[in-house]
Amino acid sequence: MRIDGRQPDELRPVKIITPYSKHAEGSVWIEVGDTKVLCTATLEERVPPFMKGQGKGWITAEYAMLPRATQTRNQRESVKGKLSGRTMEIQRLIGRALRSVVDLEKLGERTITLDCDVIQADGGTRTTSITGAFVAMTLAIHKLCKEKPLAVFPVRDFLASVSVGVVAGVPMLDLKYEEDSSAKVDMNVVMTGSGKFVELQGTGEEAPFSREELDRLLGLGELGVNRMIELQKEALGPVAELIGSDKARC
Amino acid sequence: MRIDGRQPDELRPVKIITPYSKHAEGSVWIEVGDTKVLCTATLEERVPPFMKGQGKGWITAEYAMLPRATQTRNQRESVKGKLSGRTMEIQRLIGRALRSVVDLEKLGERTITLDCDVIQADGGTRTTSITGAFVAMTLAIHKLCKEKPLAVFPVRDFLASVSVGVVAGVPMLDLKYEEDSSAKVDMNVVMTGSGKFVELQGTGEEAPFSREELDRLLGLGELGVNRMIELQKEALGPVAELIGSDKARC
Amino acid sequence: MRIDGRQPDELRPVKIITPYSKHAEGSVWIEVGDTKVLCTATLEERVPPFMKGQGKGWITAEYAMLPRATQTRNQRESVKGKLSGRTMEIQRLIGRALRSVVDLEKLGERTITLDCDVIQADGGTRTTSITGAFVAMTLAIHKLCKEKPLAVFPVRDFLASVSVGVVAGVPMLDLKYEEDSSAKVDMNVVMTGSGKFVELQGTGEEAPFSREELDRLLGLGELGVNRMIELQKEALGPVAELIGSDKARC
Amino acid sequence: MRIDGRQPDELRPVKIITPYSKHAEGSVWIEVGDTKVLCTATLEERVPPFMKGQGKGWITAEYAMLPRATQTRNQRESVKGKLSGRTMEIQRLIGRALRSVVDLEKLGERTITLDCDVIQADGGTRTTSITGAFVAMTLAIHKLCKEKPLAVFPVRDFLASVSVGVVAGVPMLDLKYEEDSSAKVDMNVVMTGSGKFVELQGTGEEAPFSREELDRLLGLGELGVNRMIELQKEALGPVAELIGSDKARC
Amino acid sequence: MRIDGRQPDELRPVKIITPYSKHAEGSVWIEVGDTKVLCTATLEERVPPFMKGQGKGWITAEYAMLPRATQTRNQRESVKGKLSGRTMEIQRLIGRALRSVVDLEKLGERTITLDCDVIQADGGTRTTSITGAFVAMTLAIHKLCKEKPLAVFPVRDFLASVSVGVVAGVPMLDLKYEEDSSAKVDMNVVMTGSGKFVELQGTGEEAPFSREELDRLLGLGELGVNRMIELQKEALGPVAELIGSDKARC
Amino acid sequence: MRIDGRQPDELRPVKIITPYSKHAEGSVWIEVGDTKVLCTATLEERVPPFMKGQGKGWITAEYAMLPRATQTRNQRESVKGKLSGRTMEIQRLIGRALRSVVDLEKLGERTITLDCDVIQADGGTRTTSITGAFVAMTLAIHKLCKEKPLAVFPVRDFLASVSVGVVAGVPMLDLKYEEDSSAKVDMNVVMTGSGKFVELQGTGEEAPFSREELDRLLGLGELGVNRMIELQKEALGPVAELIGSDKARC
């Protein structure tokens, strides 16, 4: 039995509120247990310099935590004057993951920036950010599509993410903070709606893991991602049907 | 008639939710119209180096906006690598204002850091931050007081803030974004529960203002601050009674 | 009686030397008591990116202190690698104040940068900077006007600034360092030649102030600004007559 | 057949020269094909502040490329004034991987810093860095052990790393630059001498990968790591026998 | 004949005003032609960390130009967020030169910081800074000596500096801006009162120089330094006699 | 007799390997005793903004040390976030020296960047960098010349550099680290193949030096530079003949 009474293969309660923001082109307030993240998608009719003239769009992400999202206060990165390695690692991961399911040519020369701001943290902030950002991004593209019809809806597949890990010798799904802190193995799994891997980041700093443990973690990851995708579908409503289909009638 | 149908001397709807955060010693989610700010208070048993050994506490504040709190996306200050002049000006103002109503000697050698993070902006973010931060700070001090009894409750008076300005020739209270953008005169008023001024910052970059206009703005400011203090009292409940009283029975 | 023998409503001796610099388009060496500031105005035939193509000019200011302008040495901001909040606050104030009396459209697509460098500090450095910078700016515009005739002289009104404050319970004009350090209330007043307010920044961190105290401080501020404007007129000589007049015969 | 004539499961020629540096406690010059990395280990008799007083040591790594290690010149990070996200990600990975096979308590309150500087890059710089840094670290610990006998040799197992990926539909081992650029799936595998995983980082930004592809990549990774560990043994000579054994007679 | 009518071996008019500043322990306003530099010396009863516990003092210097000290405005280094290479080179030179004539052991564990701020620039700002800073430093040490008698006056010899160069084929002393800009060879000479070299920095970027040219430049440098030292003696008055003597009766 | 058995006027063994790098347009691995520097030349078909449209090329240099090039580890400048004054001074020197022997107009609107990275340091890293960078630069220009024939080979003369100094009262050539640390006078000499000076930087921080000592140091410098130029000729082979000649048949 886990610290909060869950089964090893059980997710925490998930809440996806959308739209949340008055200003953003797409926005999602996502809660996974006590982890709360606001994901906003900003669409701009331009691409960064290194992408210019290629007829392709760009998807990028930024990630941050409010200073008191955590048990003790973290100094702001704006005050430190630089991003930490952890922040950069996470936002590169989010951007890469989202790009893997979008047809950038069909998006056209536009940039979508996903801001994932952690309002409260209790484990799994990067995986929650990916799951929420996918919905915010899809909503922003849908808004674009309604205003400037696109030939094809450029989101090719669903995408969600969960954390898995080995805690006290037991492989578990969706670690909360106390579990994450004591996990020997920690893995983030990002998968598509069609069951393929987009990102796999496993680390056994505390204790190397065997092939067998890896296989069990991958199984839990697949299970969790599938459940997350169901919740994304509910949140997206009819927009969900556009994903991966030929229909671009937004 | 104003853009949202209010009278010149009318506040927007105000919502103060407390406590909001799982981790912070004091926390407030405050909404004034569409402006939403999360204020968390962190209490630490130490003071900054320049205060050491004086037997006094310290109150400080940090302020930030989420990148898409605004109509168009603002670059993160962590990415720019430095705080803007506007941010510094605002957080210095919040800190100074809060310190004016706290007896730092009675607080003891402790620091309270108020983080005011604007989740959504629609004018008046700095005044809303002050009004919310006062409540979050008071709650953190109350929590301290319950755990380590203090001889006297160190909050001496209430403190709240509103914006006022001259829009289309008419002095108005609590400007929302569109009003603020077109105001010729813009003033932030911070006052105490006993009707005294703590901070007064008026600027007439677009058009200098006369003594008479100033007097009318000060009147509106006093009106608005008084209403805000009533709402703070409701949010604080019985804790409100400790403010400025001799009773420190927390 | 004040520390240096002045009456509460008395300014320190003021000296305005102009031109001072060999290179700048306008320059003023201003002394108010022991406070000494060099103000230089640089005129450039371009505007910052955010102003381009609007047919309007821009006025901006930078402020700094030499490291040993003060009683103890201050670390250089170039060495720290960033501007302090205080510096940013002051230079934003100077720029805003100057812009309020210049018709930017009549200036044309040009930028005037006022550099206010405090050579020696003894209280009132920001107000002295504004008073001096106004003269340096006016001289630079006059020089421009002689070289490239302007239809109308774009300076609409005089502008000067003084500090006022409550020291030992007495409202006083033009605080020197020791007075400023012990003041309970501190206010900077920026006014025009026609007696209107451009900026009002009052702070009662040590002790909130009443409406009555505010009224007395405003009276002293008006008195001080008027005397400063007389001194500006003397320093400007015949150029003073162009300010606010229809005559642009430079 | 691959671009350089190798089989899909074939490593490039590997050269490990040690010791290389006159000054460092441990040093390795490692070449994998045209990729050349200098790894130096610095041993210091202190730990970072967050580790103090725990009786444990610390292993950390820094990674950089010379500006012209690559086909076109890269701007120095010292000139940019900050580390890129890529650099931080890589050096965090190297440090984490090395710590996983060292008993930090047996190391005592000491820090070993591994500097991995890429002299020339042709794909696989991070995996080459890990493989080389393991040897440099082991030599530095051996040197320590000879000077200040340790009860147990604190390196518990061998550790090496290789890259694998799917290029033109074929899973391949040890990608050189041209292969890496065109790979749809890219994975870095870090494993121990006993065949366990320490880090697994797979990314399918260009094309998500199936469970079957993952299994084949893991197989290639295991093969490559085993060969690398044989080469590490040769380079370490008799020191290799101390790893993971009870004998600490250095 | 030179641009300003001087002979090749003639200095510009020199003015040394001392004391200049109300706050600094030693201060000099020095003008060499139109070059004006304010040099202040700050004495502190502590040494930087790397000097602690050695019983020796430290002399260091900082150099800066006001933004409009030059013909066109230079961006502030505080705004750029870093010191330029030129600034660092100059302030390292000033500090090194001053330390060469001070007995740091006799100074005791104290730091003297020389701030050389260029108010107006017309060539030779670094050599003028050295010449002025020597006087400011000596005055600060004299002040110290009067307050806390030192066994021996720690300034061992005079020190001054001039620039020399080859302009239009003619070796010249003390180049002003226009000469400096067109010089093929440019050299800064720092010498002591006893005619020895402390620093020699010659550069022939535009045209390499022969041994013969070097010899003539060194002759002019010696001449100029000797004249500067006479002016330093005048400015120092009776304090000059303490330099290099056994008498420490300040 | 010197610490390593050399005569006062004897260089350490010198090794120049070229080409060294797979990617750079010109590259040199140079060893002077235990000092090892990798110099790479990058040729780009553009000039920095301040050079645009003048029909001239630009030569610039960057210098860095690997963290463990030295006896104790130096923190990376990329981690500190800025270049030290020493680094800036050195790279400005290298660039200036190289430009002095290149006809920038004949080079055309191109930039050559010399990266001098110290792999191992044992005194004389800046002089070794200049000597090596000259060869790398010449090779890059030769490569250019072969691909896009130039009317005249733009390298006008040879250029090399050595350090000299007074150690234990004896003027010596090519100081190694221990000598450099204890030298009272330290001088870097950069000269051309025709025996002229390009840069002369002498410092007597520990003890001022006389004209006679200077003369002896200059003699040693000339001797050392001449030997270095012979070694450059060997390394360059037939390319050496193009330097300073009318023949541009590359």
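Letters A, B, C, D, E and F mark the chains as written, and numbering starts fresh at 1 in each.
Simple rule for what comes next: a contact is a pair of C-beta atoms (placed from the backbone, for glycine too) under 8 Å apart; a residue touches a chain by one contact, two chains touch by 3 or more.
Keep in mind the model is a prediction, meaning the values are calculated, not measured.
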If you average the Cα atoms per chain, which one ends up farthest from chain E? A
Can you work out the whole-Å distance between the CA centroids of chain C and chain E? 34
Per the C-alpha means, the centres of chain B and chain C lie apart by a whole-Å value of 29
Which integer distance in Å separates the CA centroid of chain C from that of chain F? 52
Counting only residues that touch at least two other chains, what does the list for chain B look like? 81-83
Around the ring, chain B then chain C onward, we get B, C, E, F, D, A
Taking the touch rule as given, give the residues of chain F at its contact with chain D in the complex, in rising order. 21-24, 27, 34, 38, 40, 42, 44, 62, 64, 66-71, 73, 76-83, 87, 113, 115, 117, 119-120, 122
Along chain A, where are the residues that touch chain D in the complex? 82-86, 88-89, 91-92, 96, 99-101, 157, 187, 191-192, 194-211, 214, 218
